[in-house]
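Across the two complexes that follow, subunit A remains constant while its partner is subunit B and subsequently subunit C.
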Partner chain A sequence: METNKYLQEEIVRISGVNPRKCMRCGKCSATCPAYDEMEYHPHQFVNMVENGDIEPLLNSKSLYKCLSCFACIDRCPRSVQPAKLVEAVRLAVIRQQGANHMTANDVPAMIDEDTPQQLLVSAFRKYTK
Partner chain B sequence: MKVSYFPGCTLKNKARDLDLYARRAAEVLGVALEEIENWQCCGGVFTTANDEVATKLSSVRALKDAGEKGQPLVTVCSACHNVIKQTNHAMQTNAAFADKVNRYMGADGPYCGETEVYHYLEMLRDIVGFDKVKQAVVNSLAGKKIAAYYGCLLLRPNTVMHMDDPENPTIMEDFIRALGAEAIVYAKRNECCGGYISVECPDTARKNSEAIIRNAKAAGAEMIITACPLCKYNLVKNGADIPVVYFTELLAEALGVKEDTNGN
Partner chain C sequence: MQRIGVFVCWCGSNIAGTVDVKAVAEALKNEPGVVFSTDYQYMCSQAGQDMIKEAVKEHNLTGIVVCSCSPRMHEATFRKTAAAAGLNPYMVEIANIREQCSWVHKDMMTGTEKAVILGKAAVAKVNLNTPLTPGESPVTKRALVIGGGIAGIQTALDIADAGFPVDIVEKKPTIGGKMAQLDKTFPTLDCAACILTPKMVDVAQNENIRIFSYSEVTEVSGFVGNFDVTIKKKARYVKEDVCTGCGACLEKCPMKKVPNEFNLGMDNRSAIYIPFAQAVPKVATIDPNACNMLKNGKCGVCAKVCAAGAIDYTQKDEFIQEKYGAIVVATGFNPISMDKFDEFAYSQSKDVITSLEFERLTNAAGPSAGKLLRPSDGKHPHTIVFVQCVGSRCDACAEKGKEYCSKICCMYTAKHAMLTRDKYPDTEVYVFYIDVRTPGKNFDEFYRRAVEEYGVKYIKGMVGKVTPEGDKLKVQASDLIANKQLHIDADLVVLAAAIEPDQSARPLATMLTASMDTNDFFTEAHPKLRPVESPTAGVFLSGACQGPKDIPETVSQAGAAASKVIGLLAKDKLTGNPCVAGSNELMCNGCSSCANVCPYGAISYEEKEFRMPDRTTKVRRVAVVNPAVCQGCGACTVACPSGAMDLKGFANSQIMAEVDAICK
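The block that comes next holds the complex of A and B.
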């Protein structure tokens, strides 16, 4: 297992999450509305960050499946707040030059006449820097 | 009473109804919504990383503007409310973050989260009072079976939002009852519709939205109300065969101001 100490510390620092508080109950993954689409589920994010196993997360599409619904944040009995880790790992990727997950060129194919501005604004905020 | 009002990007475009009916109803209820001048888009979703500063400045500017007038800040869109309230909380509780923001914002005095933030529903409950809303109803909605769809952003994270019990909320049901209608309670009313995932993975939005609609209908709902343009979009796009309307439209209808004096 490759340990990336610097990234691990950075992710813990900017998320404000202490992954060692996790007691492995799995409630975050049980309540996640994007569970079926995720390669690594919320409880695995917590465990992998704790172990410094960051590389697989950086390369996983799971980063873009989180809905930011705060369900795992509210329902964790230990207040671990897994979604904040998912966000921190995603930022570690998209803050790199040329690593945006979405560009303005993608927009025409995404929209229809009813698409609310909120949808595009939110997607850009989550998928680009 | 005068309050500062932050409409948000979608209320100026695809969700004009949400804004229009909010304004008309507020007037009847004696609340003057003073739109913040030159407000900027909230960004749609709060970035939870605590080293993100630039993405939160538009919310701080709106909060500061309201604070300088000594007014609470009222929003109608669930997303704007969530972003602005979470930003305000960060300004109150994260001194290092607040310091960076205030240094960037310049010399006109520090802001440390003093402004009170209300969602329009909270304004109805806590400032106007649902009893007063009830008294102002001229077209009772008696006999209508209406399901409230909270989604995620109004209620979570509860430690910041403090709107209601996040797992057993009642504010929207109390609102429906104040208008004379029957509130349909169903399990999925606080589960996510999929939000912005409809650009990345439309199947997830479809699956979530269909389950919400099915659940509401099985409980007897004839209509779903929401405060969020994206929830409305996802539910309608993913097969809602009962009306999905903004809560402000329902309010304006009950208060007799859905149409103006010219019938528009």
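The block that comes next holds the complex of A and C.
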């Protein structure tokens, strides 16, 4: 429980989001294009962070299904910014020792003609400590 | 030298909890002028007031200091006590040791120390107090109601009923306001026009009421009981007293493609128009932006067909001056613009409409004669999605929307959904809600009926986006209970747009020096105890200009405002505030600094003859304050470079004495 409290505060701090502002309207999830891919949907993300229910989020593939399109941020009437929370949880994961989601060895397999270089660089930056 | 009595109140534990009241009374005993000092649990109680009266008699007091709550709370009480004891009421000073001391301090030592200092300042001031006598001003027995919606109509009728003349100023060509545009009214579902139009006729026929339609208030000066108001009667190019409202001109007018604002632009009207059949006054108005005759002198058909000869293309705006004793603001509301809510495709599809547009679509006098048809193709919609809270309850940092709940949307949406299912049972009706808020008599029962009897599908969640595709509207939304994302193919989407105060409210508030909140709603004098009065004396509030309200609430507030107005107009004279500015003519050099800063226009100048030391006379320009207009704000005393201006009851010397007492 202690670690969760710490993680919760960390995620709130990193994201700069105040999950208490959420009024549970669900507009974030209504607008999310990756909704069906996600195990935990944007509104649940906000709720789980607010409740300190962080562990399941750290291990959820939802983290990487978020497209970072920021539609939820744009549409949220309460300025909660769910995508920033998702980003913060992702950061929390990769900041844990040895929890890199991607290593340099993974990169060659990903290269093909259609993939822009920039995508790989930004993905490498995003998923690696 | 004054003989001052000091009375320290405990206010139960409110003050005594953090201030050693006995020590305060003891410390103030030694102040100059103080001959008596005591403390008591509740100074404002009858026993406390009697104690003050006794002390005045026994110790021959000439001044009183009460160390208690804010003067806003009980200054008037203690002034009355003083008057009852034979003292001039303006010989009383309050040291606020509750709001400004005990409530903000936690430590007894600090609290007590500050209370003593505040008490000393009050004593220092009373030492310089002089008895003041308030002046009297007459009351003009006529009221002005600004806005002719249901709020203004009800207020005007109630004031007129009491026998006072009332003028209604309405900026549109007819009174009736938003209620005239509605179809049915919740929770009883009676038709809006059926209950409103008789009231409009009552207004027109009431001998005490004058209607200035198509008019605006352009200037307000004066003060409670004596307002001078300028009303601009906009040129309607039709003689109001000659027009019979027959409508021949409307039929013959060749310019028929003007968007009809009464139907929210969903159909067209002619350039000369009467907003709706039951308009009051039922007089035509020419839209100068659409009329060819007014724009380029080519047409004149309406003048030719008018049997009464009412058309006058040369009519000019007319300015009317009138005096009023009281002013009621009833400027109402508007739905907010949907421009910033692109996600709902309001600007992309004609079939995404606001709730007020839906009212017109279902109204028998509306563009589709009451048949619920899609604006785009005139087909009957089979799936309708209602979206609640569009622009309401938004975060202050959000770029769009309002922070407050618009209050009326839950109920009118339930009404729309219910009526749709009742009339067209083959229609699927979805309502997306965040919370359903239905406090009000028979309100929740009404909403439950929509769900249980009429089968309206209420879904907890919000619509994320609407995409027009072919003749369908693809609605993507959350169902939070089922934890699902829904995709609905809708034929019609209805947005419950937030409401905001009318645009005319802010400039009007400036004219009236009435205060507003950050949302441009008028502020009431007290949120609970004086809900229909503005803090500005003589200005009253009726209806949605003060905050979102439904019709029942508006009507009760309108009646309440009227009763306050009647109470004011029933008086023959008003007692003024004696704490007004006055200029020392010997020191005044006529520089006009004071008149330039005076927000009330209370200062004028006169040429006056003065005798010089060498026995010659000299004519000088000096400031003169009209005590009836002066509100005692003190701006002039600060602006005066020669120290000639002073405020009675708050003289510069008194304020300096207070500062000295604090700093000693």
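The working rule: the second predicted complex is superposed on the first by the 125 of 129 C-alpha atoms of A that agree within 3 Å, B and C clash if a C-alpha of one lies under 4 Å from a C-alpha of the other, contacts with A are read in each partner's own complex, and residues count from 1 in each chain.
Keep this in mind: a residue touches a chain if its C-beta (ideal position, glycine included) is under 8 Å from a C-beta of that chain, and two chains touch if they have at least 3 such contacts.
Owing to the predicted nature of the structure, the values given are computational and were not obtained by experimental measurement.
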> So if we stack both complexes on subunit A, do subunit B and subunit C clash, or do they fit?
Replying inline: fit
> First (subunit B), second (subunit C), both or neither: which does A:L119 touch?
Replying inline: first
>> Using C-alpha centres only, what angle sits at subunit A with arms pointing to subunit B and subunit C? Round to the nearest 10 degrees.
In response: 80
>> For A:A30 in the superposed arrangement: first (subunit B), second (subunit C), both or neither?
In response: second
>> Contact-wise, after the overlay, does A:H41 reach subunit B, subunit C, both or neither (first, second, both, neither)?
In response: second
> More residues of subunit A in touch with subunit C or with subunit B?
Replying inline: B
>> According to the stated criteria, A:K84 is in contact with first (subunit B), second (subunit C), both, or neither; which is it?
In response: first
> Between subunit B and subunit C, what is the shortest CA distance in the superposition, whole Å?
Replying inline: 5
> What part of subunit A is shared between its subunit B contacts and its subunit C contacts?
Replying inline: 36, 71
> Contact residues on subunit A for subunit C in the complex?
Replying inline: 21, 23-32, 35-36, 41, 43-44, 71, 75-80
> In their shared complex, at which residues does subunit C touch subunit A?
Replying inline: 343, 389, 393-395, 397-398, 401, 434, 460-465, 476-480, 483, 485
> Which residues of subunit B touch subunit A in their complex?
Replying inline: 8-10, 13-15, 41, 43-52, 55, 77, 79, 152-153, 155-158, 166, 191-192, 194-201, 203-204, 207-208, 228-230, 232-233, 236-237
> Inside the complex, what are the residues of subunit A that reach subunit B?
Replying inline: 13-16, 33-34, 36-37, 64-65, 67-71, 73-74, 81, 83-84, 87-88, 91, 102, 106, 110, 114-127
